[in-house]
Every structure is written in C-alpha cells, then in structure tokens.
Amino acid sequence: MKILLINGPNLNLLGIREKSIYGEISFESYFHTLQIKFPDIKMEYFQSNVEGELINKIHEWGFDYDGIIINAGAYTHTSIAIRDAISGVKSPAVEVHISNILTRESFRHESLIGPVCIGSIMGFGLDSYRLGIEAITEYIKR
Amino acid sequence: MKILLINGPNLNLLGIREKSIYGEISFESYFHTLQIKFPDIKMEYFQSNVEGELINKIHEWGFDYDGIIINAGAYTHTSIAIRDAISGVKSPAVEVHISNILTRESFRHESLIGPVCIGSIMGFGLDSYRLGIEAITEYIKR
Amino acid sequence: MKILLINGPNLNLLGIREKSIYGEISFESYFHTLQIKFPDIKMEYFQSNVEGELINKIHEWGFDYDGIIINAGAYTHTSIAIRDAISGVKSPAVEVHISNILTRESFRHESLIGPVCIGSIMGFGLDSYRLGIEAITEYIKR
Amino acid sequence: MKILLINGPNLNLLGIREKSIYGEISFESYFHTLQIKFPDIKMEYFQSNVEGELINKIHEWGFDYDGIIINAGAYTHTSIAIRDAISGVKSPAVEVHISNILTRESFRHESLIGPVCIGSIMGFGLDSYRLGIEAITEYIKR
Amino acid sequence: MKILLINGPNLNLLGIREKSIYGEISFESYFHTLQIKFPDIKMEYFQSNVEGELINKIHEWGFDYDGIIINAGAYTHTSIAIRDAISGVKSPAVEVHISNILTRESFRHESLIGPVCIGSIMGFGLDSYRLGIEAITEYIKR
Amino acid sequence: MKILLINGPNLNLLGIREKSIYGEISFESYFHTLQIKFPDIKMEYFQSNVEGELINKIHEWGFDYDGIIINAGAYTHTSIAIRDAISGVKSPAVEVHISNILTRESFRHESLIGPVCIGSIMGFGLDSYRLGIEAITEYIKR
Amino acid sequence: MKILLINGPNLNLLGIREKSIYGEISFESYFHTLQIKFPDIKMEYFQSNVEGELINKIHEWGFDYDGIIINAGAYTHTSIAIRDAISGVKSPAVEVHISNILTRESFRHESLIGPVCIGSIMGFGLDSYRLGIEAITEYIKR
Amino acid sequence: MKILLINGPNLNLLGIREKSIYGEISFESYFHTLQIKFPDIKMEYFQSNVEGELINKIHEWGFDYDGIIINAGAYTHTSIAIRDAISGVKSPAVEVHISNILTRESFRHESLIGPVCIGSIMGFGLDSYRLGIEAITEYIKR
Amino acid sequence: MKILLINGPNLNLLGIREKSIYGEISFESYFHTLQIKFPDIKMEYFQSNVEGELINKIHEWGFDYDGIIINAGAYTHTSIAIRDAISGVKSPAVEVHISNILTRESFRHESLIGPVCIGSIMGFGLDSYRLGIEAITEYIKR
Amino acid sequence: MKILLINGPNLNLLGIREKSIYGEISFESYFHTLQIKFPDIKMEYFQSNVEGELINKIHEWGFDYDGIIINAGAYTHTSIAIRDAISGVKSPAVEVHISNILTRESFRHESLIGPVCIGSIMGFGLDSYRLGIEAITEYIKR
Amino acid sequence: MKILLINGPNLNLLGIREKSIYGEISFESYFHTLQIKFPDIKMEYFQSNVEGELINKIHEWGFDYDGIIINAGAYTHTSIAIRDAISGVKSPAVEVHISNILTRESFRHESLIGPVCIGSIMGFGLDSYRLGIEAITEYIKR
Amino acid sequence: MKILLINGPNLNLLGIREKSIYGEISFESYFHTLQIKFPDIKMEYFQSNVEGELINKIHEWGFDYDGIIINAGAYTHTSIAIRDAISGVKSPAVEVHISNILTRESFRHESLIGPVCIGSIMGFGLDSYRLGIEAITEYIKR
C-alpha cells in the first residue's frame, strides 16, 4: 500500500511557529515516527508553499498511489484549483488538520477541499495524520 | 478507561433508513464489534431522538467518564443546548459523523457542536466511531 | 388505508389559543369529524410538544401506515431532525398548515419539512387537514 | 358558483414539456375531467405567457367570479404586478403548483403570489387543481 | 410643450381597488383635471398592464415628446427592460408614485426606474402627477 | 400573587458549570433566598432540558399564574415553539438572563423569546431573577 | 400658513462646494426667491451641521408650524434620531433632495427619514424645495 | 452612592410624543418620584439630543459617579462613539429602554451600547429606570 | 439547417440608442449580412419587447428548428419564464450579448437564461451573433 | 497575427480527468488541430498550475502579442492577481471555458477574469477555443 | 505651510482611557512634541465629541489650510456627513488611526472617511500623526 | 538595522502598467532612492508573482531581519497563506499600498494581510514605502 502525505503552506514551520498551538515537533521527525508505526505502508511526504506545486504533485502521484492524506493549510479555504486536482485524480483523499479549524477565525471555518475528500479529521494535533492513515487504510480495504 | 458513545436523532434507524448512504448494519451490532476491538475500554452507548434527553445523559455521565464520542445527528446543526451541555461537563468530547456533511445540503455544513469538541471526524462510515475512540484514547493518554 | 395525523407543538391549544387566527374548535373534536367524513380510512392522531417524541412516532408508524399528514407547528422552521425522520421512513407525507405561513413573521416563511414531503397545503384553516387526506389518498391510488 | 382557472407561462406545454416532471396529459384534457367532476361549478380556463394578459384577465373576471385558482408558473417568483392584481380584485384566490417548488432551484422557493392568496397547494401534480377547487369551494361556503 | 403620462400595471383600477390607499377618483377623470390645469401643455396618457407595451410606447413617443411622467407601478421594482427603454430614448423622464413606497413592503422600497430619471416624486396621492408635470416643465425650461 | 419561574437547558448545572461566568450558587438555593425575599408571592420553580417539557409546563400553568419569569437558556435563540407557547397562554412573561448575551457568541445575540415577553432583563447574574420578579409585580399592579 | 425649511450637514456650502453637482447659488439667496414666490406663506429657514440641533429645532417648531420641508443631507442615511423627531411632532414633513440620491453611492440610496414623511421629492436641483412647498401646501389644504 | 441618569434624543418629548407607547408622564416628574423612592442615592439627570454632549457628560461624571443608567434612545443603534465613551470611563453602566426594542422596527433590534454595559433592562415603561437603579445598586454592593 | 435568432427588449433600438455602446448599425441590416455569410442556413429573426411573445415564439419554433440564438436583453436577468421556455423546447440554445455584461451594473451580472443554454458568448458587439451561429452549427454537427 | 493561448490549473489533465465533462482529447492534440485550422496565425500555447507563472507569461508576451485566449480554470474564480496581469498588459484578452460554468457549483459562477477581457465564451467544449480565436481575430481587424 | 489636526470623539481621553491600548500620553503634550519636530509648519489642533462641530471646523479651515490630518475616532465608521465635509473643502486630508482598526471589532473595519482622503495610516500609536504630517507634506510638495 | 521590502504580483510592472495610477518610475530605481535616503539601514528587496515564493522569502528572512515592509498586491485580498507566513515569523511587518485601496473595486477593500501587521499605510504613491520604513524604524526603536 502506497500513501502520499501532502502538507500545504507554512507547515514547514511546524516546531518553529506558534508552538503553543502546533507543538514543538517538526513534521519531518513526526513523519519518521509514522513510518515506524506503519511499516507495511510505503509513504511519501511532500510539502510546498506554492499552490501550483501541490497540484503538480497530486497529478504526478494521484494515479498510482492508493491514497492521499492532505493538510492543505491556508489553501484549504481558498483553493478551488487544489480541489479540482484532487477530484481529477484516481486516488482517494483524506483531509486532515492539526488544529480544530472551527475554533479559529471565521474565514477558516469553510473547507473547499473537504467536499472532494472521503472524509475529514481535525483537531487532534499531529495525531490527525495517524488517524488519517488509519482511516484511509480501512477505506481502501473495504 | 470509560467512554460514552452518544447518538442523536434518527440514528436508531441505522441499517434500516437510506441504506445507500448509511450501510446495512444496525448500530447495536456495530457497537458490539467496537467492544470486542477495544477490550480495555468500558463503553456505554446511548441514543435518543429527544434533544433534552441527550443533554440529560451528557450531564449524568460527563463528570465521571474519560471521554465522549458524539454523533448529534441533525441536532449538530441546530442545538446550542447540546453544545452548552458538552462545554459544561468535564469529559472531553469528539464529534463524529458517518457521512461527509460537507457534501450534503448546505444547512448541514455548519456544526454547532464541533467548536466545543477536541476535534471532528467525518465521512468514514461507521469507521468514524472507531477512529473517534482511537483519537480520544490518544488524547487522554497525553 | 391507514393514515397517521401528526400535530407538533402548541397545537394542543387549538380552540384555546389565539382564536382569532385558529378558530374555536379543538383538534380532537375536529378529528372526530374527519373520521366520520372518511369512514374507509383508519386514522390515528398524535400530538406532542416534544420534538423527539414526534420523531419516535414517525419511526414507529412510518413503515406500516400508508401515509402521514403532518403539521409540525413551530418545528416546521427549525427541525432538521423531523425532516430526517420523514425521509427515513417509507410512508409518504403531506405537510399541512392551518394558517398561510407566508403572511406571518419572516422566520415562519421557510419550511424544512416541505422538501421531503410530496406536497404542501396551507392557509385553509382546519380544512387543510381534510385536503391533505384527499391529496394523499389520491396520491396512494396512483 | 363560478370559478376562474388561470395558468401562467409555459403551462401550455403541459403534456409536451419535461414529461418526467409534469406528466403526459395536456391541461385542456385535464380541464375537461375537472368539469365533469364538478358539474355544479361554472369554470373558465385561461392561459397566457404574457404577464400583462394574466393581469387583464384577473381584472376582467375578478369582480364577478366567486374564486380564482391560479398557477402563475414562473411569474410566481418574479411578478409583483400579478400579486397586486389579485389583491386588487374581489374574488378570493388559491395558489396551486403542479410540482413541489421547495424541491426545485432556490429561486423557485419564494412565492410573491402566495401571501395575497387564501392559501397554497403544491406538489400533487394536476391533482393540485382539484384540491384547489375543493379548498376554495369550502372557503366560499363558510 | 408635449408631455407623455404613462401608468403601469393595475393603475387602471384606480378608484376601484384599495380605495383607502389610492382614493376614489379614476385616473381618467383626474387626467381631465390635469389637462385643464395645464392648458398650454399637450398631454398624452397611456396605461398598460403589459411590460412590453409600456416599452413600445416609450420607444414610439420618447424621441418626439419633451418629457415623460411615468408611474411604472409594480414594474418599478422588477423591470430592467423599462429602465433600458427610458435611458434609450431622448425625452427626460420623471418617476412618480401615488403612495410613499418606503412605507410599504420591503420589496417595493427599491426602484429600478428611478436612477435613469431626472428625479422622483412620491407619496402625495394623485397630486404626485401634478408635481411631476411642474418639475419636468421647470427642468425643460432650464 | 402566583409567579412561575422557568429555567431552560443546562441551568440545572448552575453552581457546577463554568463557575467563572455563572457563580457558585445552585439555583435551588438561590430560589430559597427569593422565596424569603418575596414572602407574599407564591412561587413555583421548574427546570427542564427538554424543549417540549418547558412548553408543557407553560401550557399547564400559563392560564392560572399571574406571571412567568423565564430564562430559556440556549433555547432562547432557537425555539419558535417556546415563543408560541408563551404567546399562546394568558400569563405575561419576563425574559431574564444571567449573563449579558450581547457580549457572548454572535449566535446568542438574538432572542426569539424576547419579542413575546413584556420585557427583558439580562447581565446581572442571579439578581436578574429578582429584578424580573420586581418588574412583573409592578407590571401586574398597573 | 407657516412652513419650516430645514437643511442638514454641509448644505451651508451650497454655491461653494462641488458646484458641478449642486449649482452656484447659495441657499440663502434661493430662499429669498422662494419667499417672493410664495408671499402668503410664512417661512422659516434653519441649517445646522449638528444632528442634535436639527432635532431641537424640529421639537421647537414642529408643534406650531403647518409643515416641514427637510433635506437632512448625509443624516438622511444614518439618523434614526431625526426620524424619531419628525414622527414625534405634529407637523407633517416632506423630504427633499437636490440630487437624485439613487444615482450616487449605494450607501446614499436608503433614506431613514423618508418613511416618516408624507412623501419625497428628489433630483430637481433647488427646484425640489419649491416642489416640496407646493406638495405640502396642497396636502394641508386637503 | 451617586448615580447618573442619562437620556438620549427625543426623550425630552416624554409625555408629549406618541403617548400610546410612552405614557403621559414627563421624565422630569418621574425623576422626582425616583428621588423620593431612593432617598439615600444622590441622582443627577441629564438629557440631550446632541450625541457629542451625551459623550461630554459621560466623560465629565463617569470617573466620579458610582454608576450610570443610560437610555441612549435612537443613538442606541447608531453610536459607536457613545459606546466608546462608556467603555472609556470608570463607572459601570446599565442600559435601559422604556419599550421592548425587539418588537419595533428591525433597525432598532441591535444595541451598540449594550455590550459595554453590565446588563440591559427593557420593556417595562418608565419602571425600567427604577429597575436599572435597583440593578446597579445591587451590583455596586457586591 | 434552420436557426432562430431572438432579440429581447430594446434591441429594436440598435443603431439608434446609446450608439457609443452598441454601434450604429440596425439589427435588420446586420441580419442581412449574416444571411449572406451563412448561405446554407435558413435563418429566422424575431424581436419583441413583450416577454410573453418571446416565450410564444420559442414554443412555436423550438420544436422544429435546429437551434436558437437568443439575446434576451434585460429579460436575461429577470425572466425565469423565458428560461423555462428554453428548457421546455427541443432546440438547443446559445446565449449571446453584444456588450460584456460583467462590466456593467451589478444587476446585469447574473444571467437566468445562461444555465439552460449550451453556452454563452458576450462582449464582441454584433459579432457575438456570428460567433453564436458558428458555435451552434458546430454543436449540431457533433 | 500572433495569439497566445493560456490554460490554467488542471487543464493539463484534459483527456485524462473527468472525461464525461471534458471529453477525451488532450489539449496538445487539439492545439495541433487549431494550428492547422488557422495557418496564418502564429499561436503559442502555455499551461501551468502555478498562478504566478501564468502571470509571468502574461507579462512576458502580453506586450508583443496581438491577443490572448485565456482559460484560467479554477483561478477564474479566485485570482485578482491574474486579473491585474491581464489589465496591465497591452494585448486584448478573451476568456474561454470548456464547460458552462453557470451550471456547475455556485462558487464557479463568478469570474474575476471576465471583466477585464473583451468578452467571454463558454460551454462549447474545446470548440470554445476556436470561437475565441475567431472572436479576437475579428476584434483585432476592427 | 499650514496643517490642521482634527481629533474626533473620546480622543480627549487619551492618556486617561484604556491606556493599555492608547498609551499614557495626552494628545496635548504629544501635540507640543509635534510642533517642536516640525518647526516650519503652522499647526492647529481641534478636538470635539460633537460630529457637527468637527464639520464646522473642517468648513472653517478647509479652504485656507494646506492639509488636514484627521482621526475621526468612532465617527470614522458612521459619519457620511464628515466624509461630505472633507470632500467639500479644498484642503487634501490624510486619515490616521492610533490603533490598527482591522484587529478590533468588525464594525470598526470599514472607514467612511478613508475614500475621500489621499490615503490612510493606522496602527503606529501616536506616531501615526507624525507619519501623517510627513505624508501630507510630501504630497503637497509634489 | 535590516529591513526586507517585499512586493507581490504585478508590481514588477511599475513604471510600465497603468501609469496614470502608479506613476512612471520602476520600483528598482525607486528602491535606489530609498537606499540613499536611509544609509544606515540594510535593505533587501524581493518581488515575485508567485504566492508561495513570497511565503518562502518571508520564512527565509523573517527570523533574522528587524522588519518587513510588504505590498502584497492582489494577494492582499485573497491570501490567507501569506497572512499565516507573516504571523509565523518573528519580524514585525508593515503593510503598504501605492494607491488608496478604499477607492478601488469593492473586492480590494478588505485586507487579509493587515490584521497581522503592526499597521498599514496606503494611498501616497511610492512615498508609502518611505513612510513604511519610517514607521517601522520608529516602532523598532521603541
């Protein structure tokens, strides 16, 4: 099973930026933990601050991989283009968010990405990614 | 560890109503599966179509249990009272939904319950409940 | 042919409350008139002020009865849960209102119940119920 | 008793247009059925695609006839002028619709005509007209 | 000086309809009074309930007459087409209303016609027409 | 003089829930204080988390009691049904709130109950109830 | 007959400010022309940039004068207090505007003053005041 | 204890204007009654129709007095400046209204003043002021 | 191949009205050019200012012709009835506009006609009609 | 004559993604067809998923080329920056869309690009591009 | 060079009110600092809580002074009248704010004053005034 | 002191595009002027049309530099991602705009960037940048 993890803008600052919200671990080291936890899954990780590069990557891998875990960051609320990329490829996607976006500014409440994903998981810190992998694994099995 | 599962209105029809959306398993039999999967967790299950009875149950158990998994069904979108009940008790709560509410009618897109929960999980069918238990278990451990 | 008549909140006050709008007859005595008028139809009548009890009753009878006549009263405008109950059972439903809701306060103009019913009849006083029975009878025949 | 039936734009296409929604019977043949069903009522039928001609007809007959059954079609949602015509004449009016307008596009949900009618009946196919006649007959009797 | 008076839908009912609002005089007899009051002005009067006929008349006379007094009735609030007709001809126009539209239903508060007229006069009963003639006379002189 | 005090959902948690907002006294003990303060008034107290039970109680006592003091809690903002119950009975009602609802979340700013009450008092902690009794007493005297 | 003319903020700049819109005549000299035109009417003129002083003047004269002509300037769109002052006194009022407010910025389209006046006249330059006097004179006569 | 009573625009007309709503007593005579009722409280009364003078008075006394009772009249709904004045001084304030603003025009439903006051009391006629004094007295004691 | 060209209100003024926007050629002479350009296509042209006559024409020819080119003028933005006429007949339709409606007043931005047409072409002056014919020709071929 | 064709995000998937909507031909092969059809026009084609690269290309070629045909894809609805790029260069632009955006999700109905283009063509499948070239060719000639 | 500094309501409380936001210096002492910093500029300072007095002052000096620096305080968001005063005089104006209004309550986000000023400066504490003077000085020079 | 100047999309066209608005100087030559004016400040300048590259640069320098001057161009109104980047780094930022965005299209009135900056300066042409540097210099000193 092959799963692609995609992080959108500013998530490269994890462990650096607003630690009180996002915790102190960088995503790279967390990703290592995930790989250990799911030894049977081939995982790739990609992060970019450029909306179009996220689309390129979804196009590139979205026909071969079994699933996509995506945290589109701020593009969650503004990018119809990423939405179209996800609905244009074959791999099913799961939307994840570190924080509970419903408790932040009102312009973060709506997700353009969510409606083209199987489902969404948010608010559990980095653990949202693990839950996302569990969710998509189960989904693929069925 | 003690966890309370609460289902709101019409979820007693699971396995009966609109099977193309919700599947063919009743929640009771699924609940049995959950108990087997998590033998170390004491789980209680409660369903009611009455908004106030859901509140009563949250009050009754929400000071003793370690966590609440709640699918408030249609009350998700209309009940400030259930929201207040959750934020009034001690137990942390996780919001779950069987379907992806973002792909249904627009009046189902907003959740009044979500902002007072740790996080939300939706779209994974009955598996949303299992993921909710995994999420809250991890949350409580930390 | 078996038909269920359901009245929502405050309709137990018919004949007592705001008579200038609703007339002076209690629903019970009017129901008796209906039974005489339609001797071939088995009719049951249920009224409750509790949203969830209305749902319970729809669940209980909505798989056996041939049709439902529902005046959800104030819940017409606020209850997604009753809407879901109606669309979750097998019996077709007709929405009726005693007064013309379009001429009352703006928050009474929208019906959440209407879109899951076959059709709606409103404004004809208690006669709306008789018309509802005629409508659903004709509908079932076809 | 004299009753005027008015049909607005495109209803001349009944039995021709979008049969899956409106059925296969032309209104003229249905009107014949109605006349047979209500032998004691003198009924006139008028259809036009021109908003102003509908108004002219309401003015012409709305002081002599005992009641009006009107399906203003698409003008239901846009014509303040027809609304004014109805409220300007003496005959009481009943609004009817073949389909349930609440389940169609959102711009068809609001009726400008409804608030100046006694009541509204919608969703029962051509049977809505029969119910309209029954409703207004009962109304006039009282 | 030649002035065209145009009345829109339902204004043929003046003196008949809702007399408590519009008074008991028909427009024809009032028009006679106007002609006496302004002997030096050639006045034509046209009324129609058909939006397109109002447009036709504006096209027909709107290049020769010195001014137009228009009470578009209910079309005031819905007709972009009449607005375009007025702005497409040479004659300046004045908008008049018998009642104060700001004190009626909210859908009558906005005028689509007003922005293409020199100005608007409303609320003074039939006297609004006399004031309109005075206003446009003065305007033309300048 | 007989006065009914009604508390809506979650107000049974007073003295337990969010003490920083609502204080540390349970309503029962506060109610005792009120009875001592107003020895000439017969007071009844009722609390329920079930919307329909609140309606039942208003129906039951709202024709005999001289006045109602109601804090509908979260139902203040969502319940047209309770509004209808209040306007359907004879007893005048006063709306009270412990906190200043205008300084809380925007969905708590609007009151559906307020427009059918004589007046509203909010923001004074439990003292809002005492002021409510003083207000209705004075109102009844006049 | 005694009539009060009131001008609101910035109208003291007439003849100075934005001449392309408002013309080159000061209101004082125009007022002189009006007095000559209507020798039988006692007219008073008052201008202030202070909202409260306009209210004071309406209170002071609004019980004795036969009518008020008011151009509330920018306060037209923001002052509920002036609206209340007009509806609180006995004298009927006519709203006038020099320019056609419907062709200016959208925040100038709505008038808070208009609904409490008999009627409104706008767009005719300073001639709007003359028409206002003619309108109110006729109104008082009837 | 020193308390300042402030009345906003048009409240000087109490006893004169729209008596069916506001009663027939002038505020000055009512104020005398209040002074007799609360002999231990030094009360000052100030009324102005000028927004800025109300602000001046709040600044002048709002650092020395123990509390402010304010009925800002129409400025309640439009004045951010008065809101800022109240939140800028030391004295706590209570908002009062004679009528129930929720039952009047929709532009009177929102209060800009309320959120910076301890609480609000409205709908009890002049008795709202007495209740306001009782409320603030109790508040200061605590 | 038979194609129907329909022009809505005020388009009879082409070459006369607001030439700076619409150019100086009348539609009749342009239509002649089109006939020369497409010798193999039988073209009919119809213009009316009456909404209902446009509908009549669509009904009359919309079952026989291969395609419709429609510029509904101002009715583009207000006529659900024309929309229904187009979707009720068999011929596919293409919406054309002479000017770019997106750069005009905001109430011209939305098209009610567009969603029931194959596609829309706007902004190219009279050339929009030629492009419309090319588009529908190609569409029919496929 | 030199014309630039620009395609925005996800249009590289043409012939791959959602074929039921977009058909089975890749844009590259279609572009070849276009070049054959218009041998006298020098055409360049550019596609990118990166908003800023689309802007770069518009800057690079938008001062030399005679015209731009742009399908901005999902950026049509979100990119003020591309809008500014188009209005900042000399070349006139034509907006094209493969599908009729008015029949898709509501967030695709508004175009930010359209108002700075000469005109728009949409709904004709890939043929929209050919029509765009015809339109701009004609435009340049005039 | 002569520059007028105008401060609106509550800014007389600077150094007294909400010091955590506005700092501890009164504007008078800060104004002294400014005069020292710009010895070549004749500066006048005016503050009032009365909207109309601010307008009077703008009228009085706005034809002679070279520029105006205005912090309209709360009137920024509500006063069309001050906006008109600024656009009615000759002196160019610069809008300044001590705090960043975009981070305060939503009703403070919009400025009615800004669009008639050259530009706006906000968020830099009292230093906003110095920057305003620098900005207008540079503007006048050009 | 080290300050980073960032320009967003299309600002590379300064001196080329819409010169009547933005003037004729390229930013590069203006930047040279700035460096001369502030010899003690180390300034870096970066421009990109790619949203993500602007974010990358903010991440790269936003932990070392003393301040950021940012004109995000069109991304000001659409980019939550740039907002997050600014709030995620340590350097304080000042928002600048060449033109007064409040006098342009309504979709340019709101700034997503402004609320995470110290303050905003707009409308002074290129001088806005100089003022921005002065503002941040003063801010850093304090």
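The first chain written gets the first letter, and so on, giving A, B, C, D, E, F, G, H, I, J, K and L; residue counts start at 1 in each chain.
We take it that contacts are C-beta pairs under 8 Å (C-beta built on N, C-alpha and C of every residue); 3 or more make two chains touch, one makes a residue touch a chain.
This structure is a prediction, so every number in the text was calculated from the model and none was measured.
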item: Intersection of contact partners for subunit E and subunit G; value: none
item: Subunit J reached from subunit H - shortest hop count over touching chains; value: 3
item: Relative orientation of copies subunit A and subunit F, as a Cα rotation angle in degrees, nearest 5; value: 120
item: Between subunit H and subunit L, centroid-to-centroid distance (C-alpha), Å; value: 47
item: Distance from subunit G to subunit A - Cα centre to Cα centre, in angstrom; value: 63
item: Where subunit H touches two or more other chains at once, by residue number; value: 50-53, 78
item: Which chain pairs touch, all of them; value: A-B, A-J, A-L, B-C, B-F, C-D, C-F, D-E, D-I, E-G, E-I, F-H, G-H, G-K, H-K, I-J, J-L, K-L
item: Residue ranges of subunit B in contact with subunit C within the complex; value: 8-10, 12-13, 16-18, 48-53, 73-75, 77-78, 107-108
item: In the complex, subunit L residues that touch subunit K; value: 100, 102-103, 109-111, 114-115, 117-124, 127-128, 130-131, 134-135, 138-139
item: Subunit A residues touching subunit J - in the complex, by the definition given at the top; value: 50-53, 55-56, 59, 78-81, 83-85, 87-89, 112
